[in-house]
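Next, two complexes with chain A in common: one pairs it with chain B, the other with chain C.
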Partner chain A sequence: MAKTAETVAEQRGGKKFRLSSTAILFLFFVVMVAAFAALSRDFYSIYNVTSMLTNIAFSGIVAGTLTLVMIMGGLDISIGGNIALTSCLVAYIYNMENAPATGIIILIAIALGATIGGFNGFVITRLDLNPIITTLGTMAITRGMGYVLTKSRSILILEDVVGFIGRGTIAKLPFPLILFIVVYTVLTFIMGRSKFGRKIYCIGANQEAAKLSGINIRKVKFITYLVSGIAASISGLILTGQSAVGMPQHATGSELDVITAVLLGGTSLAGGKGSVLGTLAGVLILGVLYNGFTMIGFRYVHIRVFQGVILILVVSLYEVREKKKY
Partner chain B sequence: MVERLLEMRGISKRFPGVLALDSVGFDLRPGEVHGMLGENGAGKSTLIKVLAGDYSKDEGEILIGGEKVELKSPSDSQSRGISVIYQELNTLDTLSVAENIFVGNLPKRKGLGTVDWKTLNRNARTVLQRMLVDINPRKIVGDLTVHEKQIIEIAKAIYKDARILVMDEPTAALGEKDTASLFNIIRSLKLQGVGVIYISHRLKEIFEITDRVTVLRDGKLIGTENTKETDRERLITMMVGRELKDMYPKREVPSGKTLIEVRNLNIKGILEDISFQVRAGEIVGLFGLLGSGRQNIVRALYGIDEFQSGKILIDGKPVIIDTPSKALKRRMGFMPIDRKLEGLALTLTVSNNITMANVDNLGQGYFIDRQFEKEHARKWVKDVNIKTPSIDTDVNSLSGGNQQKIVLAKLLETGARIFIMNEPTRGIDVGAKVDIYQMMERLSEEGAGIIMISSELPEMLAMADRILVISKGRITAEYSRKEATQEKLLHAATV
Partner chain C sequence: MADTTISTEKEARVSFREKLAEVFVYGKSMVPALAVLLIILVALFGTSTPNFLAYTNFKAIISNIPIIAIMSVGMTFVILIGGLDISVGSVLGFTAVNVALFHHMGFPAWAIGLVCLGIGIIFGSFNGIIITRVGVNPVITTLGTMALARGMASWFALDIESLKLGRIFDQQFLLIARRYFPKEAQLIPITLIYVIVLYIGMSLVLKYTRYGRRVYAVGSNEYAARLAGINVSRIKFSAYVMSGIMASLAGMILVSQLSLGRDDAGLGSELEVITAVVLGGVSLAGGKGNLLGVIISVLILGVIRNGMVHLQETIGISYYWREVVKGAILILAISIDAARLMAVKKRQVVRQ
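Let's turn to the complex of A and B:
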């Protein structure tokens, strides 16, 4: 990780001996890992590392696509509801009489995510509704539909393929982690190298200027929200596999943790600024924070307090650095 | 001795690097309408803001009714009976007419202290009747016309017992009928002894309504005249009598074939039958006052705003341009009026901004060829003389002049040959101006056509080969470079 941090600093170039914020985050991450490893033997046990990485992968995938949405100046808080509804639908269909093949169920799950994301995108681009309001609406709709579909119960789903998505391994690597790595590699390329990624940055930095520059704002926004929806349904599949149940309470409040990770990674709520690599650092830090503090004996409720403190601290540091720049 | 409502003596105001007001004197008599004239940046707004308590003066003194006062805040100024009605009206659009007039001092019922609507509406009606206007006090202000809103603001001022009323370009958004109605109201105020300071670019109105007129230029008082004893020519000369600096690299370029032609462009209520053409190598200036419709013409051409009827021909062929991206495909480039609002992505780098309108051509397929992008960015940084530490610097940290050059570079990067340049040198230093003029000249030599909008007369006269004057949505005159003078342009623009 330290190596990545250095290359990041080099890439930014030009600014002498000024570590990029992302590099500082990765350093912070390394220090945290070292500290927890020293404080708790169990922290770096294979079992714990695997479970930690699986958790990171689950929220990391949606944090990655949410980064695109937020760099574009938007927001998607329907993620949690989307995840829950996906898990409910998958378990529900699996338990139907004449249930379709698992492959079809997985496709349906992804189609559900695409529909929710596409709906968000449609409302935001065609009806010009504020993204917070729109996705607040879909958040309630999806979460509510999960309860309706399952009659507020958990539905057991013991299915090998879905189980594999959540718990399987390839060459000892957890499958969710592989998905996570693939997603981050693709997203890093999109935001760093592709025309589409550049358009996202332009829209986030100045929508009017982007419009006058001939960028098709509606198309870019629609696709980005669509992708965010699809990513949420993939996370939904992971969670279903991991827990072996579909239930409407899944991922309650996860949208706020995911937003926290993105902000921690240096993406600005105003848009136009941020990176997938930064979000990666944010996701890793939060993941290690929860796991490590649990290992050394803190309770969940205490760690939430730390999460809030760290978010405010880090984002105010960004502000200070930003002011110094000019 | 003449009685004076207001007297301002030797007012000076400095901003970093600029002397905005240089020992200006001004006075106002009861029942007088006193016009104030001057080009953009002459100091009119600064003087008004000092009077309104928005700015503190650096030197000078202000006397109201012969008594020396210090106006340290807008409330100081209001309590002395000064009321300013700005061009952007400050009405509370979701409240009723009566609430707007009496805001901050609504009549209350005894006991619970709830609003006494009956008394409120009755009082509002009385105030409005005194101004001889008939507006229902219960109406929601958001539903009123601009003129009616203006009346509400005047009523508010009168109710607060304003003795000195400042009106900044009050007719800019009014039609003839509303203008006449406004003048009636102003005349009734005169009879009540109110002094009105009337700021306008429209000379016709100055002659119609004012008693005296004061001209400012470059922060200095040029003179105060009795309206009856002066004439149009004299006022214009007072306003613009500035020497042209030798900063325009204008060369004669023979113009070629017609690049773009506009035929009978109409936007309901805004533009009427606009027709013109721009040839290769030509710089065509669009001159007009604020709200004349200049912006609407170029925004329609570039596919930003819709228009009801009319044709656009490029290279002699009719084209449909209803989005900026179609305009770009026709090799048009658009420099917006405000670089920060519409031109630049401030949080992105110099190179990202330069290539912003050309992202799709930065490489094959879905990816950006970064080497290619860098080469292009470096080329334009050099060609347009953009002073930046590197092409990876955030645009935010550069000066206004360099930012403006980046907007120009952005147009150049798209390979445009029809340029719409909106206020190409607004608010930038002389060095940057000259760089931009030179690039404009180079473009015309290379056969580009440029449509330039500028509020700076000297720039317009020096750079444009042909000037179309727009007034109230119509082309009222066309002058070649040789024919055009500041006086002629101002005449045609104030028709």
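Let's turn to the complex of A and C:
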């Protein structure tokens, strides 16, 4: 008994000397912002900061809900396809004869996201399928539907239908940023304070134990995938509003970006561990990093290489750190 | 009397159903079910479209499948050990760009072949080291390599655009995939021979060599394999290297077929490869399946891809549905995999 108490004390004492990973990430973020500001004069221009924040909001919203999915031990790769299909559908409906009002278009878009997320959730929970392969399939289906809808062309949106969602401002703050803040506040509350959040952690840590303790695993999983789908369609609306065009190639490879952000935030793919706050740090760091690289003069293809390197580096570092603990 | 005949008929029907279930549901291999599916598909496309059963179309299908078929061999090894490799499409693209680059530098065909092999080994080893030594999840690792290889392909291709869009003129290199046997009749493409040799060779390796049995052992129970004295990391590492090599060889053959090396070669082909392997009965849990099933499902996918073009011509179904169909088949394939597993488990419980 005494020994265990000692080890516990040791662990607690040891912790005092170590900053939490989230704190390290935020520190890193501050350092990086300072570095880029020193390297590039345009980094701090209003225009660049606004565009950076909008981009962060765009990938951040999906990253937030993907955190829930990954803490639960799942994965959702269909995000990019979902975003693309949403933009295609919005543009398609807008170009129909007697197109419905903006509000209805937005509702349809969100319903689409809910359908895709619901489909993922249903198939994964009912048939107990591997979430990675399932959502890989959904990715192909959604992006393919985008190609079918647009016949592989870009559809322009000439009027300001959903432009407000992508480019509008409230009290000089970009609207996507406000959405982003709202989503993170809600998600932090859910994961930190609500019963549902505890259930997600519990399922991720030990699904069998969660089942035995009376948690309705299927329901929780279904809702989480559903929410992930809805978030993707909201991001799709932001992207459509920003670009005023619906095309099936939208957000190609964005799932990589989003998954990297979540992993960088300290959520493990095995589930049961991670936080929305960590993901926030991950999203901010990656957003600033990509923007900064562009400002310094790297091209998109280089950034694509960095994305891969960063992803592998981040997970390797976490893995090594984890191994050192034991 | 009448009653008994009815009951025997019923019994016969039930036993027939049981026999069917024995073959298609509980059977060890997916091969019979897949063969039936292939025949049904060919019959469907053959009756609904006029040109599908033409000999030239048969040739078109045969020359289209080698890329997916070759990559599927590597993927089979990876899935057999319980992993996954989604970087194959990008490795193929990176190889294609490099073939064009080295060709314009004036390298001979055999040197380009060696470069391709090298690329495959490098990417495969990279995946293998990160997955086995560092212990990162294979999906995440290969997702990273996927971006890395595709990004590098586009990066290198920035210079290629000035080199006449990556055209290849080296006859020696083009002949790698453009030879036909016999010479006069031009019946059998050499790529088909590659595929047949590769599948027979690798099936033998998997079935009869010590290495092959170890691949199955690691996939079905890693812990037990370790206790049995198998070097698990080495087997896993070798599977990823195999996958890398197969992807780069497929890239080489693709460039030789198209005489064009572009950075978007093989974009999204990982999806088709995974579908082929899983549909072929190789369980995602690892340790189960064989190459015979895989090659049949490669054929099935090839027939569907080709048949959809014919459907567009005759019925007017947009060819853009192909991506949707691909995704749907993938989900269907893993559903079948899961359902079979469940059925077998249920029966085991009943029998106990």
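The rule is simple: the second predicted complex is superposed on the first by the 305 of 326 C-alpha atoms of A that agree within 3 Å, B and C clash if a C-alpha of one lies under 4 Å from a C-alpha of the other, contacts with A are read in each partner's own complex, and residues count from 1 in each chain.
Operating definition for what follows: contacts are C-beta pairs under 8 Å (C-beta built on N, C-alpha and C of every residue); 3 or more make two chains touch, one makes a residue touch a chain.
Here the structure is a predicted model, which is why all the values come from computation and not from measurement.
Novice: Quick check on the superposition: with chain A as the shared anchor, is it clash or fit for chain B versus chain C?
Specialist: fit
Novice: Based on the superposed arrangement, let me know which partner A:D128 touches: chain B (first), chain C (second), both, or neither?
Specialist: second
Novice: Based on the superposed arrangement, let me know which partner A:T65 touches: chain B (first), chain C (second), both, or neither?
Specialist: In the superposition, A:T65 contacts neither chain B nor chain C.
Novice: To make sure I follow: the centres are taken over C-alpha atoms, the vertex is chain A, the ends are chain B and chain C. What is that angle to the nearest 10 degrees?
Specialist: 60
Novice: Going by the touch definition up top, name the partner, chain B or chain C, that contacts more of chain A.
Specialist: For chain A, the partner with the higher number of touched residues is C.
Novice: Between chain B (first) and chain C (second), which does A:N48 come into contact with in this model arrangement: first, second, both, or neither?
Specialist: Neither: A:N48 stays clear of chain B and chain C.
Novice: Is A:S87 touching anything from chain B or chain C once the two structures are fitted on A? First, second, both or neither.
Specialist: neither
Novice: A:T294 in the overlay: touching chain B, chain C, both, or neither? Say first, second, both or neither.
Specialist: After superposing on A, A:T294 lies clear of both chain B and chain C.
Novice: What is the minimum C-alpha distance, in Å, between chain B and chain C after the two complexes are superposed on chain A?
Specialist: For chain B and chain C in the superposition, the minimum C-alpha gap reads 5 Å.
Novice: Residue by residue on chain A, keep only those touching chain B in one complex and chain C in the other, then list them.
Specialist: none
Novice: Under the touch definition given earlier, write down the residues of chain A that touch chain B in their complex.
Specialist: On the chain A side, the touching residues are 12-14, 193-196, 198-199, 201-202, 205-206, 208-216, 268, 272-273, 325-326.
Novice: Show me the residue ranges of chain A that touch chain C in the complex, using the header's touch definition.
Specialist: 75, 123, 127-130, 132-134, 136-145, 147-148, 151-152, 253, 256, 259, 263, 269-270, 299, 301-309, 311-312, 315-316, 319-320, 323
Novice: Which chain C residues qualify as touching chain A in the complex?
Specialist: Against chain A, chain C makes touches at 84, 86, 130, 134-137, 139-141, 143-152, 154-155, 158, 268, 271, 274, 278, 284, 318, 320-328, 330-331, 334-335, 338-339, 342.
Novice: Give every residue of chain B touching chain A within the complex, in rising order.
Specialist: 302, 304, 323-325, 327-329, 334, 336, 341-348, 352, 356-357, 359-360, 362-363, 366-368, 370, 389-390, 392-394, 396-397, 410
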